[in-house]
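Chain lettering (A, B and C) follows the sequence in which the chains are written, and residue indices restart at 1 in each chain.
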């Protein structure tokens, strides 16, 4: 029996994982979300910005980061639009434009007075990778080849008459799953131009980003899906992140259980052999 | 012409670092003594892994990461590939090299082919063993997973710039029964490799690999210079901590120049 | 000359990049750098064709000889060439609704699906790897426990609302993790610079193929 516990077939683990996550998603118990200091810092920083600020949203992620980053983006958009922020979005990742459209899909229903081109613009993905950022510092219109993600001329959008270069942003908020990401923004934008930077990152990237938060190069960090759920709680609008925390909690619990079982089986069989 | 604002300190730091590298390389070229470098288990296990493949009659799988050719990790991986290809050619072991970036694929093919030529076995080189899978990250991950399940390599060498697919490769390699040596400087992926692989090169150990494996004095000399650079970093950290603690922003302002 | 010309090109191009990054007021070099960036993007796109030829050769041979899994190889080639020709001759770019459909409804969900398989691999990796074989492995297990319970509400639920696990997880992230990450990042950055210098100076030639001098 101990041998079996020490060597559980991985397919059993996979099957139980599907079961646990599915059950948690279908029958959530609604665990309490208590915002951490890191998320509170991010919320308070944005809340302290003057009404009508222009905010740059860097959508540096693809479909893999949707679960953790889109809820954070939507919570920030809700908070921002209550303060009449203007948002300009773009990204170095190929799906940047699509991710921005996904994030702003809440606007039509929740903020019908907010208009595209006046209150927010989605420039979308522009090729070049890291090279895009210095180009945006010089001239957004030229860097974007004059066209936004929806194929509108940037010169026809009223917001873009106020936003000529990334230096016109009062705050930069980026959503990252990898490279290019925060290090490129720190190197080209926030470091030399001293524009404050807030990041929402996937959980796996958080340990590597902590030194930048501690040095002040990143003002605040919304960490993973938990951070997004905490932000939703602070903004007061429950969303997909809060809904997903039960599933994440139970999957963590299952992994911990298997870790304990694995060690019990390991020591039981080791003693037998010994 | 003047140094751009915000880059003054880093320019001088790099200039001093470059000078140190050149001095240490010259010392090595003249045959002067250079310090020993510590043992890196993952690199020592490379020959063992290739030997295992030879005995079992199964291929070696090598993935140089998904970074492009501008990435220093990819270039470091190419140097390791050169060594691995030479060993595989010497022992008539199949080497399957999978690539995500097409330029890196072209480099890999040239490196592996040259290794077989230098081993005196040009006909043993199989072009179909050096493969470009896809430019898309997860299509590449899926392709490599399929190759590992079908070809069942006895050694899985994952060296270079990896991102989310790192754990997929490591777990599938484990399921295939391969000995796994991984290495990356991407801090987010190091924990996955440490947990799932037999050996892991952490950060700069990947960059040291070519010097370590070849034991060429010139390359080892540059490693020593690297260590001197780190000493300089430690001095700056200690000095900076002390100065900030007494309220002096001198070093902080200097670094920001 | 076979090795000398690429090494010279590498040195000159690297020098252009370094000087144009560090120095202002050198318009010629800045222009050269922009040109090189554009050339790189163009080459990157063109060599995809070489990769497609390689795939066609490998999978074409498999289909022709009806080797194991040849149907999958046929499907791969149909998808690859199908998307290629349709995008160029029918969609004529990435703004067509058909292209957006193919990308957003097929490729994007498939990417998300493969990314999602990580949850299973994390489970099996944790079960397999977190065995207390040594003191370091024991510390790793304890830290994993605290982090996994601290980063989800489950930890607070188990302790009746007490945020102890979350606090411990935050401390682990802010103190030992940050210290270790700084060390790794500084070391890796210096290693990257040293590697780049070795390649620029032509000391490391492994990437050219062959064994150097």
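One rule holds in what follows: contacts are C-beta pairs under 8 Å (C-beta built on N, C-alpha and C of every residue); 3 or more make two chains touch, one makes a residue touch a chain.
This structure is a prediction, so every number in the text was calculated from the model and none was measured.
A.B. asks: If I average the CA coordinates per chain, which chain comes out farthest from chain A?
C.D. replies: That would be chain B.
A.B. asks: Which two chains have the greatest number of C-beta pairs in contact?
C.D. replies: Answer by contact count: the chains B-C.
A.B. asks: What is the distance, in whole Å, between the centres of chain A and chain B, each centre taken as the mean of its C-alpha atoms?
C.D. replies: 30
A.B. asks: What whole-Å value do you get for the distance between chain B and chain C if each is reduced to the mean of its CA atoms?
C.D. replies: Here the centre of chain C sits 13 Å away from the centre of chain B.
A.B. asks: Determine the centre-to-centre distance between chain A and chain C, using the mean Cα coordinates as centres, and give it in whole Å.
C.D. replies: 19
A.B. asks: Could you pull out the residues of chain C that touch at least 2 other chains?
C.D. replies: 111, 115, 122, 124, 126, 128, 130, 181, 185
A.B. asks: Can you list the residues of chain B that touch 2 or more other chains?
C.D. replies: Only 138, 164, 187 qualify.
A.B. asks: Hunt down the residues of chain A that sit against at least two other chains at once, touch-wise.
C.D. replies: 10, 64, 207-208 - these are the residues of chain A that touch more than one other chain.
A.B. asks: In the complex of these two chains, what residues of chain C are touching chain A?
C.D. replies: Going through chain C, the ones touching chain A are 37, 41, 95, 104, 108-109, 111-112, 115, 119-120, 122-124, 126-128, 130-132, 141, 144-145, 148-149, 151-154, 156-157, 161, 163, 166, 170, 173-174, 177-178, 181-182, 185.
A.B. asks: Considering only the defined contacts, which chain B positions touch chain C in the complex?
C.D. replies: 1-4, 7, 11, 14, 17-18, 21-22, 25, 68, 70, 72-73, 75-76, 78-83, 86, 102-103, 105-107, 110-111, 113-115, 118, 127-128, 131-132, 135-139, 141-142, 150, 164, 167-168, 170-172, 174, 185, 187, 190, 192, 195-196, 202-204, 206-208, 210, 214, 216, 218-219, 222-223, 225-226, 229-230, 233
A.B. asks: What residues on chain A touch chain B, complex-wise?
C.D. replies: Within the complex, chain A touches chain B at residues 10, 64, 177-179, 191-192, 204-205, 207-208.
A.B. asks: Which bits of chain B are touching chain A when the two form their complex?
C.D. replies: These residues of chain B touch chain A: 5-6, 138, 163-164, 175, 186-188, 191.
A.B. asks: So in the complex, which bits of chain C are touching chain B?
C.D. replies: These residues of chain C touch chain B: 21-26, 40, 43-44, 47-48, 50-51, 54-55, 57-58, 61, 68-69, 107, 110-111, 114-115, 117-118, 121-122, 124-126, 128-130, 181, 184-188, 190-199, 201, 203-204, 206-212.
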